[in-house]
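The following block contains the structure, expressed as structure tokens.
Order as written gives the chain letters A, B, C and D; numbering starts at 1 within each chain.
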Amino acid sequence: MDAQAIIAKRIARELRSGMLVNLGIGIPTLVANYLPEGVNVFFQSENGLIGTGPIPEEGMGHPTLTDAGGSPVTALPGASTFDSATSFGLIRGGHLDLTVLGGLQVDAQGHLANWMIPGKMVPGMGGAMDLVTGAKRVIIAMQHTAKGKPKILEKCTLPLTSARPVDLVVSEMAVIGFPGGRATLLETAPGVSVDQVLAATEARLATPENVVEMPL
Amino acid sequence: MDAQAIIAKRIARELRSGMLVNLGIGIPTLVANYLPEGVNVFFQSENGLIGTGPIPEEGMGHPTLTDAGGSPVTALPGASTFDSATSFGLIRGGHLDLTVLGGLQVDAQGHLANWMIPGKMVPGMGGAMDLVTGAKRVIIAMQHTAKGKPKILEKCTLPLTSARPVDLVVSEMAVIGFPGGRATLLETAPGVSVDQVLAATEARLATPENVVEMPL
Amino acid sequence: MKTITVQEAASMIPDGASLMVGGFMGVGTPHRLIDELVRQGRRDLIVIANDNAKPGVGIGKLVDAGRVARTIASHIGLNPETQRQMISGQMAVDLVPQGTLIERIRAGGYGLGGILTPTGVGTVVEEGKRKIEIEGKAYLIETALRADFALVHAFLADYTGNLSYALTARNFNPVIAMAADTVIATADNIVPVGLIAPDHVVTPAAIVDYLVANR
Amino acid sequence: MKTITVQEAASMIPDGASLMVGGFMGVGTPHRLIDELVRQGRRDLIVIANDNAKPGVGIGKLVDAGRVARTIASHIGLNPETQRQMISGQMAVDLVPQGTLIERIRAGGYGLGGILTPTGVGTVVEEGKRKIEIEGKAYLIETALRADFALVHAFLADYTGNLSYALTARNFNPVIAMAADTVIATADNIVPVGLIAPDHVVTPAAIVDYLVANR
């Protein structure tokens, strides 16, 4: 399994029937592919859709039914559409049970930076700030390092996405939570040791006795 | 013509095609009966309807189509329905061209009191405060006096509906405007003299040379 | 989302609960739920709604039975019983301009701390509130409002909880559905999933907790 | 409401005007109006929209042609030309969180001075803004936003100006339609009055100023 598949598959295990879930672009989108059997969630696209379905078969889409990246999607039975104010009301108002987003950096307190690299990449925050501030649970799906450098840092050097800490970081090496506001190693990927995770992480990680293997 | 008919008929002359208009309960409701020929306005009911039509014929109404008093109405072709947040967005957001409301008191600066008599009548302000604060133009339809006592006072003694002055007061005796923030007699009803209006008014009324007869 | 009986729905609501109730003079009110609350003897309720309808109708039935400890509403003028209980001190009544009330509820449901409105500036409504000036214009800071339960009534529901409303029976319903910890809906018609067009769903299934079955 | 040609519609918009434009990555954008603005050479525009689409698409065409002096948007990451013009100083770009942007526009259209949102607290977004605490939680005061023109695209219109939208092409459209001095709409289909059910009208006719005729 490649890194992206490990991350997406592990996060998919966090989904429960009835949840309203928003998946960001990139690795987060892959989570939908690993939805456990019998689990039915509502996927929201923040451009105004609940009930987002798979990519349409060739010739079976419509230009007015797209995901937040503007790409064609389908809608499942029971889908609903709405304007952007309602869409972000769902996000900010505590209705969104879970958002899965990509990350550039996460710090030891769980703060996320994922929307800009000053002087280099200024795409705009889009919905990310509202998602991280408003969702009931925030999971970050990202590779553990970028070009060999740790992305989980003692302190983010990039501008923060929100003052609200994330709940979980899932990488291809580990699952990290923030109980009591402190980065804590919860799981290691199959074949990855605690020491390997610590070596690839700049933030000091609490390492409890019971670090388990990531269930996939 | 009785007092109510004079008031309603005079106010109806202020309507122009394309206007979005909200009529309050009581005399204001009667204005719709005198809509000049060829004038098409959008009547709003603040409970969530644009395109309010006349009272339905016996057996031709529906319990889910009512006016702001809860009474059955009809809807004209091109009508639209919406929730209360949208309804008051239309009212507050500068979309409502005209509201016609009843009044308990209006003062020399045009301030309106129409929602409570402390210790006696506390019905609640309903939509009145939003209507007076938000409509582009506010016309008050009321009898000139109550039990012989003036209702147009130097200063309102009852709690105000809004800090925003009304634009016009139409009674069975007169039309009063507030150019430059000062109550000014603009028209007298047929058969009513300027002196009769002044005698029935507590507020000092500016009386220009050109007070005309109310066109009906 | 679970489909339950009206008895089960009412029994989830404890004495003293705060309820947002849809409807405008009883139009669009979940009447069966109200009737059942009266029947089950629920009391000390806080009722947030546009109005108190009139005696014998909708919320008016809770008032008639003396079950409302406090109401937050924009208009009670057509319910003399509410006015009587207010004057006698039996019921607390907070009167709020209708546009402010619906925006406060919306803010509660949309994750906003509140809104800035010119409505009420220079009137008794501004008493005790923070005022703020923006580009020379004064606004009141009106804070968000939420409730324990939203009791909504729809025209169409499907079995996942999607709701759409009929004509002026929409009113407060879709707004309160966003602003409560638990959302209970009744509907004139409950249809299989997929029969309400996505564009015609007004309240998305994901926010409705319980749907009351029709007999 | 007047029905006009796309040429007439574009010619009403002067150089330097502020435009709110519907659409999300070009989906639900009034493409014919944008194309005509480019053709007529309109310039120095202020464009308020969710995004700048991408080069060659929707708002991206105005950017390509160098006609946008300033954009207020939540995301420009898929338009490298906007990023290039931003870095070169040719275009000013104000980046606003998407939920904040749509609420600021809504506030402008709904007569609110602004809203209180937790989004952006503790980030660069709070710079220069007033903060307020309500029940111990911090909020930014985000002020209302309006424009000279709203350019909206609907799925159905009738000849009085009622509009309804299709699926995810709804997005910013009904919100911006409330927030501009002049509202110009295009529609995939224009139908006789009375054919859009009142419950399915999303933007009421009374707020639409001009409807662009289909050829």
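Just so it is clear, a residue touches a chain if its C-beta (ideal position, glycine included) is under 8 Å from a C-beta of that chain, and two chains touch if they have at least 3 such contacts.
Nothing here was measured: the structure is a model prediction, and the numbers come from that model.
A.B. asks: Once the contact rule is applied, which chains count as partners of both chain A and chain D?
C.D. replies: C
A.B. asks: Go ahead and note the Å separation of the Cα centroids belonging to chain A and chain C.
C.D. replies: Centre separation, chain A to chain C: 34 Å.
A.B. asks: From the mean C-alpha coordinate of chain C to that of chain D, what's the distance rounded to whole Å?
C.D. replies: 32
A.B. asks: Cα centroid separation between chain A and chain B, in whole Å?
C.D. replies: 55
A.B. asks: Can you tell me which residues of chain C touch two or more of the remaining chains?
C.D. replies: 103, 106, 110-112, 117-118, 165-167, 170, 198-199
A.B. asks: Two or more other chains in contact with one residue: find those residues in chain A.
C.D. replies: 49, 75, 81-82, 85, 88, 91-92, 134
A.B. asks: Is the way these chains touch best called a line, a ring, a star, complete, or other?
C.D. replies: It is other, because the touches fit no line, ring, star or complete pattern.
A.B. asks: Output every touching chain pair, sorted by label.
C.D. replies: Taking the chains two at a time, the touching pairs are A-C, A-D, B-C, B-D, C-D.
A.B. asks: In the complex formed with chain A, which residues of chain D make contact?
C.D. replies: It comes out as residues 24-28, 50-51, 53-54, 73-78, 83, 86, 93, 95, 97-100, 102-103, 106, 117-125, 155, 165-175, 202.
A.B. asks: List the residues on chain C that touch chain D in their complex, please.
C.D. replies: Listed in rising order, the residues are 103, 107, 110-118, 130, 132, 134-135, 137, 139, 141, 143-144, 164-167, 170, 198-200.
A.B. asks: Can you list the chain C residues touching chain A in their complex?
C.D. replies: On the chain C side, the touching residues are 1, 106, 108-112, 158, 160, 162, 178-179, 193-194, 198-199, 201, 204-207.
A.B. asks: Touching residues of chain B toward chain C in the complex: what are they?
C.D. replies: 45-49, 62-66, 68-70, 75, 81-85, 88, 91-92, 121-130, 133-134, 159-164
A.B. asks: For the complex, give me every residue of chain A touching chain C.
C.D. replies: So the residues of chain A in touch with chain C come to 18, 20, 42, 44, 49-51, 75, 77-82, 85, 88-95, 134.
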